[in-house]
Amino acid sequence: MVGVMIEYRIHGRGGQGSVAAAYLLAATAFHAGQMCQAFPAFGAERRGAPVTAFVRTDEAPIRLRAQVRTPHFLIVQDGTLLQDPSIVAGLRPGGGMVVNTTRPGDEVAAEFGCRALTIPATELAEEVIGRPIPNTALLAAFLSVTGLFEIASLSVALRDRFSGTTLERNLALVEKVAATIRPDAWKEPADA
Amino acid sequence: MLEAIEGSQAIARAVAMCRPDVVAAYPITPQTHIVEALSRLVAEGEMHTEFVSVESEFSAASVVLGAAATGARAYTATASQGVLLMAEVLFNISGMRVPLVMTVANRAVSAPLSIWNDHSDSMAVRDCGWIQLHCADNQEAVDTTIQAFRISQETELPVMVCMDGFVLTHTLEPIEMPDQTDIDGWLPPLEFDRRLDPSDPKSLGTLVSPDFFAEVRHSHHAAMIRALDVIETVDDDWHAMTGRRGGGLVEVAGDPEAKIGILAMGSTFGTLETGMEHAGAQAGRARLIKLRAFRPFPAAALRAACAGLEHLIVIDRAISPGLGGVVGTEVAAVLAGAPDAPRIHNHALGLGGRDIPETIYADLMTAVADPDGPAFSVFDADLTKLDPEDR
Amino acid sequence: MAEHDPRGERLDELRRKFGREPLPPGADQKELTPREAQPRFRGLESGHRACQGCGEALAARLVTECAGPDVMIANATGCLEVFTTAWPQSSWRVPWMHSLFENAGAIASGMEAAMKAKGKNTKVLAFGGDGGTYDIGFQALSGMLERYHNVLYVCYDNEAYMNTGIQRSSSTPHAATTTTSPAGKERMGKRHLKKDLLAIVAAHHIPYAAAASVAYPADLQRKVRYAMGIEGPTFLVIHSPCPLGWRHDSALTIEVARRGVECGLFPLVEIERGAVTNVMPIRKVRPVTDYLELQGRFSHLMTPDDARAEEERAHLQALADHNIQTFGLRGDTPDAGDTQASSSVGRGGHPAGRV
Amino acid sequence: MVILTRGAYARPGTSLDFKTGNWRSGEAPVHVHATAPCAASCPAGEDQQAWFARLQEGDAEGAWREVVRANPLPAVTGRVCPHPCETACNRAALDAPLAIHNVERWLGDEAIRQGWTYPVSAPAADAPEVAIVGAGPAGLSAAYHCVRQGLRAAIYEAAPEAGGLLRAAIPQTRLPRDVLDAEIARLLDLPGITLNLRARLGRDVTLDELERDHAAVLLAPGCQANKAWSIDGAVPVDLHEGLNLLKEFVDHGQLPEARRVIVHGGGNTAMDLCRAMKRAGAEQVTLVSASGLPGPETDPSDVINVVPRELEEALEEGIEILDHTTINRLILRGSRVTGVEVMSLRKLRGEDGRAHRVGFEGTERVLPVDMVIPCIGEEVAPEGLGALIDHGYLRPRDPAGRLTQERVFALGDARGDHGTVAAAIGDGLRAVRALVAELEGAPASPDGDRVGIAPDQLNLSYYDHSARVAAPKLRVEARTFETEIEGDIGRAAAMAEAQRCLSCGNCLACDNCWTFCPDNAVIKTVELARDGSHYLFDLDYCKGCGLCAQECPTGYIRMQS
C-alpha cells in the first residue's frame, strides 16, 4: 500500500481517548517516515457520546482537509458501537476493522462483511495500565495485524506523549498485545 | 525541525518563540487549545510572559492593547463570538496604530449556535482596520504567526492571523518548527516610539474633531496599502531564512494557463488542490488562487493572478445576507473594468462546519460550465431541507 | 575635586527618568515661570475644557498631583477623557491612554502586566466615572481586582452619565432627577437606590478600597498615597459634584460635597481586605435637607406641602441615618480625623497636610 | 500648520494652548485685603491680625514689632484696655473671641523680659522738634511716633514722673508699676526725645513759647479737673471726688472709711474705686450707673464703659451694681449724707431722633448710705490753655486732632471724645502721621480705605473649634492692694491662642485656593506677591467658577467684575 494515501476512521466514546488514538496513529506513521494528518470529527458532545476521529497517512504531504468518508481501516474503541450497522459506512472493499470487544473476530467479520480483529482492549488496559483506556492496545493490535508501520514507531509516538510509569505501562501493554497477534495477517489482500 | 504536532500546540510554540511580554486570552472553542497550550508553556517555565487570564474576550483585547501601548509585545487569540465581543476594542487598537498580533481560530457566529468552522467571525470585523492574513495549513499558520509580529512592528498596525477552527487548530500534522535562535535573530525587538512612558508622557486615544478625522482615516488606509509591500518583504525575508513562504499576498497553483480559476482563503485551498489531482481529466485543471492577505486587499496582485482567466470561481466561507459573498464581491470589484475581466462565480460553502469533500472541485468545475448559473449561491446547501417558503 | 554626591546622582536619575536633562555647563539657566515653579507636580494641566467648578477635574488634579509623575493612566470614556484630550492638545503630564468606555480596568491590567514583564515599577492608575465603573465597565473592573493587578482604580463619582448629558446611572442617588429619571406626575426622580459599589469592590478581598470626597483634599490625597504604596489592586471612589448635572452654583462644588459627607449620604470609609478599618467621623451631623437644598436635581423634593416630597426626603434621611449607624459615623467627640479636623486650615496650609 | 500625529496622540500639557480664561462671563477672583474687625475697632490703630499672623508663624519678636508699629506700650494696653478688638472679633460667631489682650500682654511682658528694642533709628540732629504737652499715654505715644517718623520730640510734663493717668490713677492690681516703668523707660530712652518734668503749661512754659520754638505742638494734658457734681444743688460736706480719691489711693494707699458706699458713675475709675473701697473694708459698695450692664436688655451704645473682665471681677468681689439707675435726691442729715433716692431710667430715642435718658416715675427708692462718691468724669484743667477750651475739652476739628491753630493738635482724654488708654495712644499715632504729611506737604495717607469683613464673608468650615485661653486669676480672698489680679498666660498658651486667629480678610496661606482650583489657575509662588499672598490668579485659564472665593476661609478672595 506504499505510495497510496491511507485513510483511517476511529470510533469511540467521549473519554476513551479516540482523538488521542488518532493522534498516536498519525504520529506513529510520522515516525515511520510517512506524512500524516489526524483530526477529530468535532462535536459538542460530552463524555460517553459516540465520537469519531480521522487519520490519513501518505508518502506525500496531505493537502486534503475533508473528513474521511471512505476509510481503509476502522478502529472501534467500544464494542457496543457495533450495535449501529452504519459504523462501517464507506469502508473500502478489502478494508478491515480492529474492535475492542470480547466477541470473537470471526463473528464480527461475518456480521459486517469485512476483515475484523477483536481484542479485549479495555480489560488488557485495566490489567497493564490500571485504567480502562483501550487506545494503546488497539493501536498495537492494529499495527501488528496490518504491518503498516513498525511497532517501534508507536513506541516513539508514545514516548513523545507520555513519560514515567504511564509510558512504561503503555509500552508494556504494546508488547503484550503485539505478542498475541499474528503479525502482518492483513498484509495480503483479503479474500472478498 | 519537522514535528507531528497539533495546530494549536504549534501556534502556541510559535508565539512563545516570539517572546511576547504579555499574553491575554479567554477560552473559546476552537481556540481553547491555543490558550491552554500557552498556559502550559508559562506554567512549565518554557515561556516567560505575563499571561493574563482575563474574564472575557473584551478584556483580552483590552489587556493586550494596554500592554502594547506601553511598548510591550503582546498577543491574544480568540474565535467567533469572542471576535465580536472584541470588536469595539479591535477598532480602537488599529485606530491608535498599536502593534499586536491575534490568532483567530475561525468559527461561525451564533445564532443558531454553531461551534464549527467558517469565516463569519473575521468577515464581521473586516473593516476594523487590522491586517488580516488567512492560512491554508498549519505550516503557514506557524510561519504567518511569527511573520505577523514583524509585520505589525514595521507597519504599526495590528495583525489578525486567521486559521480555520478545528480544521487546522485541531489537526495534527507534520510541521517544520523554526529554531528559537533563528527567530531571535529574525524578529527585532519592538521599538514603539509612541509608547506610554513617564519620561515622555504622551496621551493616546484623544478626541479628534471633524477637522482632522478624515486625515486620521486616510492615514490609516494609506498605512494599510503600504503594508502590502511589508507583507511581501517580510515573507521574502522569511523565505531567505527558512526556505518557506508564508503565502505572500496571493499564491497561484494548478494550471497557470487555465481559463478557469478558483479562488479561496484558508484550508479549503488544500482540499481543492487534492480534488483537482483526483478529479481526472474530465473535470479539467484550473488555476487555483490562494488569497492570503484579505486586509489589506491586494488588488494589483489579484489582478495579476487572474490575468487571462475567463471564469473565476470565488469561494466564500461566510455570507453577507442580502449581498452574497464578501470575498467574491470584493474580488469582482477589483477586477471590474478590466477589458478581459473574468466572469465571477461566487459560492459560499462549508458554512458552520459543513464538511468540504474533495469532490467539491469537480462540482464547482461543472457548475462553472452552466451559462445560466447564479452569480452567487450557497453552493452546498440542500434546499430540500427547507420549507418551500424558506427556500 | 568631584566628591561623591549621592543626592546629585539621584537628581540626575530623576532628570533622566522624567525628561528634564541637566543643562550643559555654561548654558543659561532657564528662568522658570511661576507656573513651572509651583511646588507640586502638575499631572493635569490648565486649559482643559471641564465646566466651571467641575468636581471631577478637581479630583483628577488632586489624584495625579500626589500620585505622579511615575505613573501611567488608563482612562475610561467620559467627561474627564473628553475635556482633557481634544487633539492636538492634552492636559495630562503623565502617560495616559483612553481606550473605551467599559475597559479601563482591562487596559490598566494590560499596562500593569507589561510593566511587570519589563521589570518596571511605574504604577498604573485607572480612571473612570461612575458610568464606566459602576455600570458598563464593572466587569472589567471586577476582573482586574480578581486577578490582583497592581493598579489603583479611581472612580470619579458624579452620580450620573454627565458626558452624554445627565442620564441616570446605578450610582445616581435615590430620588435624584436626571434626564432619564425625571420627576413628573408619576415619578419622584430615580426609583432605585445608589449601588453600593464600594462594598462590592471590597468583596473582592482586595488590600484597600476607600471612599473620598473633593471636599476633603488632604484626606483624599492621604488615601491616594496609601493606595500607591500597596502592591496590589486598590480602589478609590471620589464623590465629585457636577455643577451642571446636580444643578448647583459652580462656586458651591466643595460646599455641596462637604454637606454630602456631613449628612451621611456619602460616608468616607476605608475597607481593607473586606473589613472596615477606618471611617471619617462626622463632627456635627447635618440633616440631609442641608445637602438637598443646594441642588436642583433634588428641587422637586423641596416643594412645601407635598406629601410625596416629604416621603422622599424622609427616605433619603433614613438612608443617611442607615449609613451613619452602619459605619458608626457619628463623631460627637472631636477627633483628628473627623470632618472638622480633616478640613481645618491654619497658616501655611492644612495642619494634617503639613505633618 | 498642525500636522496630524500618528494615531492622534497628543503631547503633554499642550492644553496650555487653549486659554479657557475667555470662558469667564463676568467676575474674576481678586484678592481683597480687608481690615480685620479687631484692627478696625482698635482705638490705638493696631493691626492685631497682622501680629497674630507673625505669632502663627512662631515669630514672637516679629509680632511685637508689628504691635509697636502703632502701640509702643503693649504691656500696658494688654492690661488696661477694654479691648474692643475682642468684642469685634469674628471668632465669636464660631466659638469665642480671641483673648487678644492676654496675648498682647504676654508679648509686651516678653519684650521687657527679652529686652527687645523698638525698630527705630535716631532722628537727624537737625530734624524738626515737636513739643508735646503731657507725658501720659497720648503724649508718650506721640513722642514715640515722632521718632519713628524721623522727628524729635520735647515732652513737657507737670508731674515729677512720666506716665500720666497710668501712673496716677490705675491701681497696681491692674497695672504693676514695674511693668509701667519698664515700658516708659524703654520709650523715653529713644534717641530724639527730651523729657521736661515739672514743666507745667501756663506756669513753667506757655503755649506761645512752644508754638514759637517747635515745628508743632501736641497737647495731651489729660483731664485733671473734676466735673462739678451736685444733686439738685445739694453737695455733702465730706464730698470725695472719685478721681482724686483714686489718685490718693494709688499714690499713698489711703482711703476714707465708710460702711455703706455709693459710687455714682460708669467708667473704669468708678469701678477701680468701688473695688478699692470694698477691699479697704466697706461692707457694701454699690455702683449706680445710668448705663446698663452688657446683655440683651442693653443697647450696645449704652453699655457701661468698663473693661469687661474688671466688671466680672468686681461682681466676684461683691460689688453691687444698679444699672440703668440714677440718683434723684440726696438724703442729708445736716450736711452729711445718710441715704440716696434712686430711680430707674433708660436711654430712649426721642421725637427729635436723638437719645435721651428718661426716668420712670414710681421707681424711686431710698438706699441708706454713709458716703456718696461721684465719679462722673473729668475735664481739662484750663491752666495755660485758655481760649482753646470748649465746654471743658480741647475739641479737635478732625480725627487727627487738629485744633483751630496751625500745627496744634489735641490728643488723649483732653479731646473729650473718648476715654481709653488705647485711644490716647492712637491719637499720638494719628496726630503725628497727619503732622508729618503736613510738614512734607503730602496728602494725608489714606487711612481706612480697606474694607471691613463680617463673619458671613468668611468660610467658617475651615476652622476647628478651640477653646479661648483662660488667664490665671487670683482668688477673691487672695486679692490685695498690691498684687496683680490677672496673671500671665505664658508663651505656650499665647502661641496656641494665636493659632485661633481666623486671619479675617487676610491671606492665611492655607493653600485652599491653590488646592481647590479645578483649572490649575491659582499659582503658588515662593515670593510673597505684592498683594500680600503667595498666590496668583492666572486669568488666562481661570473660568470664573468662584470656588476659590467660596472656599477662602478668610474672605480674602472675592469675585469682582
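Letters A, B, C and D mark the chains as written, and numbering starts fresh at 1 in each.
Keep this in mind: a contact is a pair of C-beta atoms (placed from the backbone, for glycine too) under 8 Å apart; a residue touches a chain by one contact, two chains touch by 3 or more.
Because the structure is a prediction, the values reported are computed rather than measured.
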Based on Cα centres, what is the most central chain?
C
Compute the centre of every chain as the mean of its C-alpha atoms, then state which one is farthest from the centre of chain D.
A
Selected interface, C-D versus A-B, where C-beta contact pairs are more numerous:
C-D
Intercentroid distance (Cα basis), chain B paired with chain A, Å
34
What whole-number Å value describes the gap between the mean CA coordinates of chain C and chain D?
49
Hey, how far is the Cα centre of chain A from the one of chain D, in Å?
113
Any idea how many Å lie between the Cα centroids of chain A and chain C?
65
Shared interface positions of chain C, touching two or more other chains:
84-88, 90, 92-94
Set of chain B residues in contact with two or more other chains
96, 200-204, 206, 208, 212
So what shape is it, when you link every pair of chains that touch: line, ring, star, complete or other?
other
State which pairs of chains touch, listing all of them.
A-B, B-C, B-D, C-D
The answer for chain B against chain C in the complex is residues 21-22, 24, 49-50, 52-56, 58-60, 62-72, 74, 88-89, 92, 96, 196-209, 212
Which stretch or stretches of chain B touch chain A in the complex?
4, 6, 30, 115-116, 137, 164, 166-167, 170-174, 267-271, 273-275, 353, 355-358
Considering only the defined contacts, which chain A positions touch chain B in the complex?
22-23, 26-27, 30-31, 35-40, 42, 44, 61-67, 69, 157
Residue set of chain B touching chain D in the complex reads 95-98, 156, 194, 200-204, 206, 208, 212, 215-216, 219
Chain C residues touching chain B in their complex are 16-19, 69-72, 74-75, 81-82, 84-88, 90, 92-100, 102-103, 105-118, 122, 139-140, 142-143, 146-147
